[in-house]
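In what follows, chain A forms one complex with chain B and a second complex with chain C.
Up next is the complex of A and B:
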């Protein structure tokens, strides 16, 4: 039965009005602009069809930024997952007061990302930074953490891990608490070792949560800007330039609005494909869990 | 029993060490901010051995921190209020009212949750500049008003409220707005508080969009402001850390006071039902 309520539109108007204004309109405008050669402020737009897309896809810089995004995404997610899972297990097994320390562990995740980046920048500052100063007292010549192309990537990955491991830890810890304890007891009665219990009981039961937390972290990489911008600005050269940083450079530094819009559209397509893949994996995992 | 105690001890040690590593950069920033500038580059003791607040005094008197505080508080409070009210109304209609196209609208909300918004910042910036909102509070606020997770979470909680309760209000002659604000909202104060906290923190911490839409120093929010003076200070690390700590202070203090609520709120926004 279809029943129209009076005043229904009043409930939707504010949020969908906003959605249309600040999301749907910019979305269609970005698609439209992506077909034009347009420098911000020049006032002149030339229709060039797929020209921007061809430009982007044939130049090395886009592929470099894609590769950097993937390296940083997988590097940081790997660290976050391994450390986060270990800590979640430790918290789960703990009955004592050490849980209090999880309050401290979570703090870096709450702190303003820009501030977190400034803290880390000072930790990694050459010579006088804590890390370098410590290494130098042991007569170890420290690398150029933010100035060397490889170490800069490592630093960005560790910075990301510093901010997001606590989140991964808490999500997995919550999932562990929802675990059916009778399964664990059964494993214990069967005399399974801790390692086997972990591998055959705990991990399979956590697979939905694991895929979920890994996928939200992977999605975040396409929004993330603050840490990299403050730490390296995408440098040295383009060593830590992710797709988001490249879009910013194109749109707001080089003012190539048309090309930046095309890159935005490409990003949206990549993310949509990624989501579909993850979704398929998630469905498979749920079905696998039923067995 | 002893084996179990030993294991418990090992796990405690692991968590303790991790907590110390994780907290260290914050502690180190605090230590640095309390030292005089020339001591920082000469000797670096690990412990707080000096309580020199000159960096704080200097930062508060020379930078525009108070104005940035005002901008941050104003934009975060306004954003949070609007996000909650509009999200609540939208969720109520999606949850309780029946009409054709309901599912499509809900899918639209969920889909907008997936969009990596920075990909659209160029187009959003042109829109804001066409509306004359560059360098204004509303320019900062408007694009941050889309928080689909608020709608999704509210809808889940509204769905769980027994239908008998709404029938009673309807019999008393109450309309849909009465229902929302007299029944559904009061039953969900807990989740409202959690959503308010997480929306406020997210807006307060947001850097990328305010950084693009604000160029005038008087309109900057705190995260934008502190990255601008970063360059101006050069290697004045005590002042830099003092400024960074002052910028993050409200969030840190708020977290330490409402620790449980904040963690809960972050988890809810990460998609885990509370």
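Up next is the complex of A and C:
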């Protein structure tokens, strides 16, 4: 390092300071609170060490909410990826009208998730909701979209997919724009079928974008709150209670701040581990397939 | 340490203030008295009375569903923020807030203005309901009870009388249930609505919630039978009943989409409102079959952290709870003032009053514990698991009882 470069770390300080203020301080405070039995109603804090963690990890509710989170997260991301990728490919094939279609398809993502959830809630409302009313007009008995445990999960997955598929589509569509067309032409000359072109040319070329978009979406879906809160509130029963909804119930309804903080820390660790695993898996699969 | 706590408090206070301001629908003057309340017809009326009691712009009111209101109030109060001055509380939430030290005692003002506002007109039972540890904390605003709403035209056509027992209710619901009309409304949205519905079954069929030592008994054989009946009854409820609260159930009755069911007194007038209802004059009321439905005394309380003038706030609440105001408000809710209740014209003017008086006698309040709302959060979650088939009734109630006992132990109930 040359002499003039030694002072460059000073430029790092403002952004680090800001990061520490808005990210590290609340995180450290949450970790600190997680070691206390702290009910906001009494205002008293008692140090209990890892008591909250032990309580949480030994109760069925946490594992149930974890299972629900995984079902909803992977379900949503799978639908978003498949539909988003299909739409991106369709847009890639279009020429003149691609811009118009991409703007139209992107509209659901522009709406604030809470507003989108409210909109969907009224669409799915039993009897007088748009979906039910339409189906009933044709004498089709609709399912209980938000009241049946299985349909509630499906509704939540579809709601998330409705809002976020456009994002996946746009990222993949942007990646497709950078695709080397000579590879596609070469595949065509070699007589490769559409499926083989997709499998051996397009997908490998898009792997970095696919890893990016799946990671981002999984990270998001594991923190999934607003849509579920508005649509089902975690119900019926515990059918759509994800980890974040459970954390919210503990912190803001029961006012058990210590336990809620511990659950926040557990969520952070689980999401970080999961993402690392998925990233490694996808990278490995890509490199293995490329060899 | 004190310094650090003070910083923490300020940060929490700022967070609560930010939350409150984010939901405010209009700009609020800095010195306005901020009132938050549950949204229902009676409270819309009484909060308007508060606005009218003081000069224009002095009072700002925010109305929202009860779960959201209690959540917002809990966050604000636990942060010791003065973002809320006056808040609506029902009997169960009132005890929790008072025991947490979040409410301002008003005994001195009650005594001072006793004659001016004729506060002796409130019966002792009502004053007891808004008192905690011997201190008065809230201005009683309404006595509420759940009634059994039913379509008298349908019952007449079927040649049956309104049900008096749970068995008769179930049989009638099965008889009236059809593809286009649910046999009964059912409000099982957690927490408040589901807790009210379960409270009725647990009292009418079961043995109640707790024994004398606050040990749960809702999972005994009678309790299991009660929730099993509730689950069976859900066969005749409208689709989406697990997400239905009072608003949705009221609409179902008003639109002729359900034949009968349990709903609050405060929703009775809406049945005869021609702008909202398709069944004007066709709904009648009786006391809920089997008894044990919820009775509540609700009121408005002053936050212990409010920086507004408490005397001015008290007078504002007292004006809203005045005899004249309650005469008019009797349309929306049962007034707790004796002089208004004894008015013989009420029963003639409002058809649902005779049923309400009977319901008051057979009804039951929530258990008198500050933590019943938290218990409700646990119990309703498990009852819904049972109703939707996620778990067996016995298993769900046993799990609820175990979690309840753990919660109450941590709050010092068994020391």
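Rule of thumb we're sticking to: the second predicted complex is superposed on the first by the 257 of 291 C-alpha atoms of A that agree within 3 Å, B and C clash if a C-alpha of one lies under 4 Å from a C-alpha of the other, contacts with A are read in each partner's own complex, and residues count from 1 in each chain.
Methods note: a contact is a pair of C-beta atoms (placed from the backbone, for glycine too) under 8 Å apart; a residue touches a chain by one contact, two chains touch by 3 or more.
The shown structure was predicted, so the numbers you read here are calculated from the model rather than taken from an experiment.
Of the two partner chains placed by superposition, chain B and chain C are both touched by A:125.
Using the contact criterion defined above for the overlaid structures, shared-chain residue A:142 touches chain C, although it does not reach chain B.
Residue contacts after overlaying the shared chain place A:104 against chain B, while chain C stays out of touching range. In the superposition on chain A, A:39 makes contact with chain C only, not with chain B. Contact comparison for chain A: of chain B and chain C, B touches the greater number of residues. In the superposition on chain A, A:252 makes contact with both chain B and chain C. In the superposed model, A:211 makes contact with neither chain B nor chain C. In the superposition on chain A, A:113 makes contact with chain B only, not with chain C.
When both complexes are overlaid on chain A, the residue A:267 reaches chain B alone and has no touch with chain C. Judged by the touch definition given at the top, the superposed model places A:239 against chain C, while chain B stays out of reach. Overlap of the chain B and chain C interfaces on chain A comprises residues 40, 125, 128, 252.
Residues of chain A that touch chain B in their complex: 1-5, 7-8, 10-12, 14-16, 18-19, 21-23, 25-27, 29-30, 33, 40, 83, 86-87, 90-91, 93-96, 98-99, 101-116, 118-120, 122-123, 125, 128, 130, 133, 162, 165-167, 170-171, 174, 212-213, 216, 219, 222-223, 225-226, 229-230, 244, 247-248, 251-252, 257, 260-261, 263-265, 267-268, 271-272, 275. Listed in rising order, the residues of chain B touching chain A in the complex are 7-8, 11-12, 14-16, 18-19, 22-23, 25-26, 28-29, 32, 40-41, 44, 82, 85-87, 89-90, 92-93, 97-100, 105, 108-109, 112, 114-127, 142-143, 145-146, 151, 175-177, 201, 204-205, 207-208, 212, 222-223, 226-227, 230, 237, 240-241, 244-245, 247-248, 251-252, 255-256, 259, 262-263, 266-267, 270-272.
Taken together, the chain C residues at the contact with chain A in this complex read 71, 74-75, 78, 96, 99-100, 179, 188-191, 238-243, 251-252, 255, 257, 374, 377, 381-382, 384-391, 399, 407, 410-411.
Residues of chain A touching chain C in their complex: 37, 39-43, 60, 125-128, 132, 141-142, 144-149, 232-233, 235-239, 249, 252-255.
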